[in-house]
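Consider the two complexes below, in which chain A is the common component and chain B and chain C are the respective partners.
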Partner chain A sequence: MTSLSTPRCFWLVRFAARETAMDPSEVEFLAEKQLVKIIPNFSLDKIYLIGGDLGPFNPGLPVEVPVWLALNLKQRQKCRIIPPDWMDVEKLEEMRELERKEDAFTPVPSPHYMELTKLLLNHASDNIPKADEIRTLVKDIWDTRIAKLRLSADSFISQQEAHAQLDNLTLMEINTVREFLLDSLNCMYKLRSNLQPGSRKGQLTDY
Partner chain B sequence: MDTQSYCPVPPGVGMEENFLSLDDILLSHERLPVRTECVFPRLGFLEKSSDTQDIPEATKMELPLWLSKGLYERKRKVLSVELPKVYREGWRTVFTADPNVVDLHKMGPYYYGLGSQMLHFDSPENPDIAQALLQTFIGRFRRTMDSSQNAYNEDTSALVERLDSLEKVLFRSGQNGLNSFQSWEKGQASQLTASSLVLNYRKRKLADVQT
Partner chain C sequence: MPCERKPMRYGHSEGHTEVCFDDTGKFIVTCGNDGDVRIWEGLDDDDPKFITVGEKAYSLALKKGKLVTASSNNTVQIHTFPDGEPDGILTRFTTNATHVAFNGSGSRVAAGSSDFMVKVVEVADSSQQKTLRGHAAPVLSVSFDPRDEFLASASCDGAVVVWNIEDQTQTVSWPLLQKTNDVSNAKSLCRLAFRPVAGKLLAVPVETKVHLYERGSWDHVATLSDDLLTQQINVVAWSPCGRFLAAGSVGGSLTVWDANSKLCVERQKHEKGFTVCSLAWHPSGSQIAYTDTEGCLGLLDGVGTSSTNSSTTKVPLASTLGPDKFRDDDDAGSTVAPEAAPLAPLHPVYEGPMPSAPQKAFQPGSTPAHLTHRFMMWNSVGIVRGYNDEQDNAVDVEFHDTAVHHAMHLTNSLGHTMADLSQEAVLLACPGTDELASKLQCLHFSSWDTNKEWMVDLPKGEDVKALCLGQGWAAVATSALMLRLFSIGGVQRQLFSLPGPVVCMSGHGEQLLVVYHRATAFDGEQALGVQLLQLSHRKKQLISGEPLPLSPRSYLSWLGFTAEGTPCYVDSDGVVRMLNRSLGNTWTPVCNTRETCKSKSDHYWVVGVHENPQQLRCIPCKGSGYPPTLPRPAVAILPFKLPLCQTATEKGQMEEHYWRSVLFHNHYGFLSSSGYEINEDAQNESQKEQQELLMKMFALSCKLDREFRCVELADLMTQNVVTLAIRYASRSRRMALAQRLSEIALEKANQIQEDEPEEPDYSSVCGSGKPTSSSGQPRVTNILDNMTSSRKSTPLSRSAGNLSKNPVLKPLAPSQSTLLQMTGAAAAARKTTQEDPEPSADQQKPADVPPPASPAENTENKRPKTGFQLWLEENRKNIIADNPDVDETDVIKEAMGRFRTLSAEERLENHSLYFRCRREDQTQTKTDIFSHRKREKFTNIMLQSLDESDRFNF
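Moving on, here comes the complex of A and B:
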């Protein structure tokens, strides 16, 4: 492939860009690395894995393990999951109010709050008090934040800003608007480069 | 997981066309009002309104974009291209007043693409056209975004109807993001489903049996 004309090159680049768009289940996969406390009901020595050492496990003694292991043990009824501190109705209510009051994004308790809520509530709802209320609260927080995200995306576009700060945004939130926002910014960039007469030098020489 | 088996080549949007894009090929067939600046000998058959063998100088006719672009030259005047009416000052004012009320599909459907292509033809209004295109896009952005991010599981044809072909592509990518998130949230993403290829294969076999 020695002589790639420019449109073809462009196409290849675009194709690669498509591939990098993430699926929500991939984001969930990343979230499963977060640590959560469990109380095991079995005893096991330390186990050595490529990704790190786990254990030792003693019945009744809380240990911190990644979410993927916690869910696996839970499904085999070998442990009880202790929900993270923030997964609490009062704290979440406070957060919801703050999120609604503030214009900017407020700090979230966990970079994967949405995924963790879904995973833990779906698989271990018997270990979490007031699971339904928590589900509703987290969904409320999520909706508020997405509305804010859209608002800031609009002002980003309409003021033709060159950069934006993504403080306190989580991966899942960014991921839902990524494709749309990037495509729009690409279009806007091209329409904007129309404004500069310098960018079309040598355009008409071919004819 | 929503894997796409077909990724169409996106249009080039700016002044440069994308060689492999179907949208850009269709765009190059848009008609432009032109005025001939010299005699076109023996090409009278192109101009249906008169019976002469040649196309005389100063005839007003319509030519497709690809032909006008090829014939247009700054130094040797062969033809001059007039602006289609959606890019003229009158319409530009309408667009700047409120871009959301305009039906860009009817105006275009390649409003942005053709507008950028018009910049190839030297016209004093070029900077204004470029500015109007950008402002129209910015003005309509919010509506495209909101409708694409909110319409879940409903008929979107009414929302898409008035969008330019470029905005339709954006609308679809917005819908992609929304749909994949919703299916994850409902737990559908973790269910394994048969590939559409396999399903279609079975269908075809059934059709073979029937014939």
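Moving on, here comes the complex of A and C:
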């Protein structure tokens, strides 16, 4: 995980500088803003940050903090992380079954489920019961959804549709196909317009 | 049908469960899919003993202290009852047994198995087995003939077979049931039953009816049915007297027939309609326990009594059938004794209230001692866990705040069962054994020398019953009704005798709270007494053995202090009560944790109480009274709520909020009086909150035209808020109310005046620190001006008339008298603070207090007076400058003299000046309120310090 070792301001600068599609670590950065419950083992008054107030931290009492702070504290052995409600084998199994049954995308428990699972399981697997099973289940759900996405992209192109509805897709999922899909559509457009009679080559370079 | 259906409770994880009573009827014994046998002391037992018999338990039977279970390791094993010691394996099958049953005398056990076999084994000698082969599918159920000749069994092959046990042959076979391949697929468990007494009947549940076959001829003699019964009957059971037959069905119906009349005498429905998979009659025949496939346990009470009411023949029947073979074989008397009494009242029985068993001593924040993995202590400092299994006997200490100390792991070679934990030390204790004395061990980790541990042996025969830690001390209550105090370093300190056996103890700072049994209690109550001791330099007993109030039929389940040091406890009904020091050390219920529970068997396990912020920290426990050690439970926070009436209404809500706020800020008074530093900001914040609430309630009562109530509320307000209330009242044109309020304001002002001079230091601080405090003066009168001006269209001319008509002296009289009262004290104060650079400031403060009072005396005449006061304010300095040596009384006398000499025009001018002030003042209401708050703060400081100072000096 890069973002934990890199200062957060560095990422902000990177965001500002780039215009093309995000890379996964940037999506992960966004996911780190999600709130998660921790049980701190230290005592600290409220801390006032630009993004909002956090705390107060009472030893032994659950408190909600952003994931980046939770992981930071966890790495310094200052807290225990309480996994989110949906990070539970039974619930994920249900979700996987539903995902496999439905043709469309089903609603996911968290807009950053994949990133959160990865972050929490990599850094706090000792606080999450049945971590391995959860990892497999989330990977299954992810694979199913990506397969669906590819299939629909395929039919989108082959049937030459003009637009498509993509409900319940998470940022990370969109991000995996965006660059490739858009580039290939552009490319195909170029090829097609080449074939059409009366078109001039000079115009195409504009794209 | 007056039979009472008790609410279901969680017994086991979902799946097949079985239930039976022990021979005395004292215990309900259940087994289930989780492999545990639970022994319930009645349905309300929240902490049943349990015996783990395997991964799953399929069936159980209990007779004569032998508990026979069929478990998932394909064996039928015996445990002793109620100790739960393994007592050998009775028999084995190639797959799991499905049903086990005792014969009438308890000498043999029959077991049916999924490997199609039925075995009959002698309990005393398990090598004597008889195997009954012939079924072509898994056996569903077995039942002994009361005379031990025959055995009936039902199987998934559809056959119900009666076997001759001696010959191991089939006597008769009926194809009654639907064929299936496995017990799990069978529509009905077909638990058949022989009638226990001489009745010679075999009852077999077939579809929705029960067939009765006659023993010997094996003829189908009768059928019991009920029109309302629409689903398969799963299980039947005869009452111990043999007269009634109970049946439980797939849809959750419970039906009882009278076998003689073939009439249905009782119909009940499972509360959720789950399948009833086991039924058992209480030996007295008055209760039926049943379990369902979701693992819940239920009870029908009063079955016997209802049937006696319905049929008068019941009593002779029971008494004639009583000394039958079935009963004789048991250790007779005990089985029939008290429970059967209502059925056959032959010998006189004591029917008065029964003494209840006194609750055992416990450590608050610990889970039951019989668990292998348990919490020995969970408090605000940390967690002490005890492990006591085959591999390990250890104690783990973990701190919530790792800054206190790192986690510790200790081997528990002494077998400690009690623990307490504080910021300084861990205290452990074990009960004594035959050879070893009871020991107290203290890990004093905060010690600065190298010895971090000490140990003390108690005198022979004296056992530690409860212990607790405070700041710098440890306390131990023993079985000899003694309370021993130790210093944290191990020095023995005082000891004293307790009035009764200890229940539990708790320590906080210098306070020690002890709860003990005060007397024998009756009918499930507990008679507890409580002592609260202060162990500081001035040792004293704050509460000396007063009764501890508990909810009806409940016991104490947690005792402790809030983080701020107020004693607090929880009873088994989930009611949290807190000491109200401001109401003569009474106990106020502040929360009912059971109100937030979703189901009856859910509990909240309290681990801590905080007053600021108001938090009840507890662990939600689903289906049990205490949490397991794994998975690690998480703490939840419950809000407090005083059980006031009508909290759904706005009025009720505000009242509840106000009184809660008052109660939860009592600790400031206590802390400051015992010499602790207090957070003044928080205290002022809370007082502000309370006053705001009062003001809101005041406004609400005003809206509802409840003026009397308004005055009552104003009584609770501080003086400054009363002035606000007066303003509110006058704005909403409630003149009578405003007048009454101003009387209250006067009273309050007098009170403050009486209190003020007692603390000259503070009053001088106030005076010099608040030179602008006189701004409150015109504001107060201003409110009443508003009031009159709204009534009179030409206030200026009228008041001018008043001014000239009325003598100035008269309205001043009351305020002057208070001033005169004051001045003596003020003079005294001045003597002590001779060097005070600005004595006038000192006097200014008392001088501006009376104004709210004086208008109340005479609203009509207040104007000239305020005019005079303004004038006095302006000219005071001149007067003092002219007569530097006079005291306050003389200053005022002099001022009055001068004022009288002023011409009427001058006075009027002065008056218009006053009006100007008033208008400015109206625009500055906000800043006014603010400055009043500041003043209020100082008043509070004064009041606090008064608590400490000796009032008799005044």
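The rule is simple: the second predicted complex is superposed on the first by the 171 of 207 C-alpha atoms of A that agree within 3 Å, B and C clash if a C-alpha of one lies under 4 Å from a C-alpha of the other, contacts with A are read in each partner's own complex, and residues count from 1 in each chain.
Methods note: contacts are C-beta pairs under 8 Å (C-beta built on N, C-alpha and C of every residue); 3 or more make two chains touch, one makes a residue touch a chain.
Being a predicted model, the structure only gives us computed values, none of them experimental.
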Report task. Kindly classify A:N41 by the partners it touches after superposition: chain B alone (first), chain C alone (second), both, or neither? Result -> second
Report summary line: The answer to whether chain B or chain C touches more of chain A is B
Query raised in the report: Can A:F29 be said to touch chain B (first), chain C (second), both, or neither?
Result: neither
Report task. Could you say whether A:I157 touches chain B, chain C, both of them, or neither, answering first, second, both or neither? Result -> first
Requested in this report: Check whether A:E179 is in contact with chain B, with chain C, with both or with neither, and answer first, second, both or neither.
Outcome: first
Report task. Examine A:K190 and indicate which partner it touches, taking first as chain B and second as chain C; both and neither are also allowed. Result -> first
Query raised in the report: Does chain B (first) or chain C (second) touch A:P62, or do both, or does neither?
Result: second
**Report entry** chain B to chain A touching residues, read off their complex
**Finding:** 1-2, 4, 7, 9-10, 12-20, 69-70, 72-74, 112, 116, 119-120, 126-127, 130-131, 133-134, 137-139, 141-142, 144-146, 148-149, 166, 169-170, 173-174, 176-178, 180-181, 183-185, 187, 189-190
**Report entry** Complex interface listing, chain C residues touching chain A
**Finding:** 380, 382, 399-403, 617, 631-632, 634-637
Query - Interfacial residue positions of chain A with respect to chain C in the complex - result: 37, 39, 41-43, 59-62, 77-78, 80, 82, 129
Query raised in the report: Where on chain A does chain B make contact in their complex?
Result: 5-8, 10-11, 14-15, 18, 23-25, 28, 118, 122, 146, 150, 153-154, 157-158, 160, 172, 175-180, 183-184, 186-188, 190-195, 197, 199-200, 203-204, 207
